[in-house]
Amino acid sequence: MALLEIENLTKHFFRLSALSRVSLSVEPGELLGVIGPNGSGKTTLFNCVTGVLRPSDGHVRFRGEDITGRTADTVYHRGIARTFQLIQLFPEMTVLENMLVATQEKEGTLLSRLLHREEPEATVRALALLEFLGIAGLEENPASNLSYGQQKLLDFGMALMSDPQLILLDEPMAGVNPTMIKNLVGHILELNARGYTFVVIEHNMEVVMSLCRRIVVLSQGERIAEGTPAEIADNPLVLDAYFGR
Amino acid sequence: MADLVQLCVAGVSIGAIYAMAAIGFVLLWQTSNTINFAQGEFVVLPAFAMVLFFVIFRLPFAVAMLATVLVSTLLLGVGVKELLVARLLKMGVLPLVIATIGLSLLIRYSLQQFWTPLALPFPAIFSRDPIRLGTIVVSLEEIGNILFAAVVIGALQLFITRTKLGWAMQAVAQNRTLASVLGINVSRLVTITFVLNAALTAVAAILIAPVYLVKYDIGVSLGLKAFYAAIIGGFNQIRGALLGGLLVGVVETLSAAYISSHFRDAFALVILIAVLLLKPEGIWGVKEEWA
Amino acid sequence: MALGRLGLVAVLVLSVGLPIVLDQYKLYVVSLTLVYVILAIGLNLTLGYAGQISLCHAAFMAFGSYAVAILGRRGVPFEVGLVVGVAVAFGWGLVLGFPALKVKHHYLAMVTLGFNIIVFLVLRNWESLTGGSFGISNVARPAWGPLSFKSDRAFYLYILAWATVAVASAYWILSSRWGRAFRAIRENEMRAEVVGVSLRNYKLMAFAIGAAYAGMGGALFAPLLGYIDPGAYTLDRSIQFLMMVVLGGLGRFEGPFIGALVVTVLPEVLRGSEGLYLIIYALSVILMMLFMPKGLVGLWDLAWRSSRSRTSPSTSSGSPR
C-alpha cells in the first residue's frame, strides 16, 4: 500500500487554478522529487497535503486514512512533517525552544503539558538532532540570530523532531552554498536509508537528479510527466514547460 | 404601508452616508490591511472643518465643501498614511490597530478640549420641505442625500473598474507581492487609498452634519456603524460595504419606529451575531484564506 | 525574567508595609492599581501571549463584579462570589474563544466588541437582577467570622493576597509548555499549527483563562469602589485595558505591572485637566507604537541589560519571558 496517495487534487484561488486534478502516490521508503517551473503548484500541493490549505476537490490518503482537509496539527500527528520554502521559524524563541515546540504536542494531554515541566527526553533528542545537522552549540540563541543556512537546518531539524514517517521538503537547497548542499544531501540520504520517506521540491536539477530515483513534474497546476531522472531529462513535455515555445 | 416606504427612504438616506464610511473602511483594509478604528473620527473632523468654513468663515457652500475635502485628504489621507501607516504596516496588524485607536481618542478629545464639548448646529444643505409622491411624503434632504451619495459611490465604482489606477488598486487588494512584482508602486497606491477614504468620509461628514449635530463624540457610534456595516455586508467587496451601510440605515430607522428604545441596539447586534456565526465573511463577502 | 524572583518577593514585602505609610486616598489608588494588574495579566495572556484581539475584557470583569455584588446581597460569603464570578467569566471566555478559531483579526475585534455591548445592555436592562442603570450599592467586603476586611487597610492587604495569587498562577502557567505554545502561536501561527500545536485548544484556553483573571479583578473591584453600575463596563473600559497592556509591553511578564501603574497614576498626576490626560494618553499610545512598539518594558530592558547574565534560564520550561 502506498504511504501517501493524492487523487485528483484541485485547488482554486478565486478564478486562478493553482492545482488541477493532480494525482500521485508515494511508496514507503521512497525519495520522490517534485519539479516544475515557478508557479506550477508545487508548494500549493504541499500546502493542501499538510492542511495549510483546504483543497477545492480531490483526496489525500495517508497510510490508508483519508486526511483531506484536516487541520495542520492533525496531519502532523498522523506522521507528516514539512519544511518551508520561505523559512518559517519562531524568531524570538531560542533554537532549543523552536525544536521543543515541534515535539511537545505529540505526547500527553493538554493538561499534562501544564503540569509536567521536565522534558529530558525531548531535550536530549533535540540536542542530538542539532548535533547531527551540524548546528550544535546554538541552543540558547534566538532563532532570528542564525544565518540563513543555519535557519534552514533548524527548519529541517524541527521537521525531524516528531519522528515523522513522511517528510516534505520544500526547496531545501534554495539559497544554500555548495558545501552545505553536500551536507544536506548527505543527511537526507542517510535518513532515507534509515527508513524515512521523503518528497522533495527542488529547482536545483543536479541535486534532484542525483537524490531522487523517481520524479514527478508539475506545470501550471497539472501533472505533466513522471519517471526516472533519465526519462524526465529527455521528455519533450518537460523541456517545453521549462523553456516554452 | 406609506409609513413603511417613507421610513425605508429615510433609512436608505442615512444608510447611504453610513455606506460611504463603510466603503472607505473596506478600501483601507483591502489595500493596506488597516483596520481603521478612527473611521468615525475621520468623519467628525471634516464635519468640524465644514462648520469652520461654512458657518464661521461664511464661505460659499461649494468653496467650503472643497476646502473641507482638501483638509480631510491632506490630514487624514496623506498625513495619516505617511506619519503612521507607512511605519507601522510592517509590524503586523496589531500595532496599527492600536495606533488607530489612539488616533481616534486623540482626535475626539482634542476637539473636545480645544474647540468645544458642546454640539454645534449645522444648517441644512437641502431644504427639509416635504415632497408628496402620491400618499408618500419624503423630504428633499433625504432624496438629496441619496442622489449625492449615489453619484459619489458611482464615480468611485467607475474609477476602480475602468481606470488603470483602479485596476492597480484591485491588484494590490488581491495580492500585494504579486502587484509589486508587476511594477505597481504599492506605497503610492496605499496613499491614494487613504486619500480616497478621506474624501469619502469628508463627503459623509458634509451630508451627515445637518442630520446629526456636530459634536466631538458622534464619531464613536459612526465608526461602530461603519465597522458593523462592513462586517455584515462583506469586508472584502465594495458592494458588500454598500449593502451593509444601507442595511444598517434601514434597520436602524425601522427599529426606531417599531421597536422600543430598550432593545433597538440589541436587535442590530442580533443581526451581527447571526452573520458572524452563519456567514462570517459577510452577506456579499468572499471567503478569505491563509494565502 | 528581568526582575528576578527575589526582586518580586522584595516588592511583595514592601507592599505589605504600604498601608502604614500611605493616606487613605493614596492607598485607594494603590489598591485600584493592584486590581488593574490582575485584569491586565489576563488580557496580556489573551492578547500578548496568544495574539488574540479581545475588546470585551470589561464584560468579563463585569461578571466578577456582579457575581460578588448580587450574591453578597444574599449573604453568600465573598470568596464564593469570587469563585462564581471567575467561573462564569471562564465559561464565557470559552464561548468567545470559539469564534476566535474561525475568524481573523478584524472579525474577532467585532465579535468581542459586540459581546461587550451585549453584556452592557443586559446589565442595564435586566433590572431585577442587576439593578439596571442604578447598579448595586453597598457591595460587602469580605469577612471571616469576626475578622472583617472592611477597613481600607485590611481590604488592601486582602487584594494584595489575591494579586499575589494571580501573579503566581500566571507565572506558573506561562513557564509551562502552555507558555511555549502560546508564544509559538503569537510568533508564527501557521508554523505552530504545522508542528502540531492545536490552535483550537490553545486559543480557547487563552481566551478562557484571560477572562477568568478579568473575573477575579472584577470581583475585587466591586467592594473596593463600594458600588457598581453598568457604566463601568463599557467598550471604553475594554479599550482602557487594551491600552494598559500595550503600553506596558505585550507578551512580557512585567508588562501588566508597568501598564497598570502608568494608567492608574497618570490621571492622578494630571488631575484637574480632565480631557487633557486623555489626549496625552492617546498621544503616548501613538508615539509608543511608532517608536517603542514593545512597550515601556523596552525601557526597563535597557535599564536591566547590564545585570542580565547569560546563564539565566530562558529555555524549556523555565521562567516566562
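Think of it as A, B and C in the order they're written, each chain with its own count starting at 1.
Convention: a contact is a pair of C-beta atoms (placed from the backbone, for glycine too) under 8 Å apart; a residue touches a chain by one contact, two chains touch by 3 or more.
The structure presented is a predicted model; accordingly, all values stated were derived computationally and were not measured.
The chain with its Cα centroid farthest from the Cα centroid of chain C is A. Relative to the centroid of every protein C-alpha atom shown, the closest chain centre, again from C-alpha atoms, is found for C. One finds 41 Å separating the Cα centroids of chain A and chain C.
Look at where the CA atoms of chain B average out and do the same for chain C: the two points lie 33 Å apart. Per-chain CA centroids place chain A at a distance of 46 Å from chain B. Residues of chain B in contact with at least two other chains: 290. Residue positions of chain C with contacts to 2 or more other chains are 190. In chain A, the residues touching two or more other chains are 52. Touching chain C in their complex are the following residues of chain B: 29, 35, 84, 87-88, 91, 93-99, 101-103, 105-106, 109-110, 112-113, 117, 224, 227-228, 231, 235, 262-263, 265-266, 269, 272-273, 276-277, 280, 288, 290.
Listed in rising order, the residues of chain C touching chain A in the complex are 173, 175-178, 180-181, 183-184, 187-188, 190-201, 205, 310, 314-317, 321.
Contact residues of chain C toward chain B in the complex are 51, 53, 99, 102-107, 109-111, 113-114, 117-118, 121, 125, 190, 239, 242-243, 246, 250, 275-276, 278-279, 281-283, 285-286, 289-290, 293.
Residues of chain A touching chain C in their complex: 50-52, 71-73, 76-77, 81-82, 84, 88-94, 96-97, 100-106, 110, 113-119, 123, 139-140, 158, 161-162.
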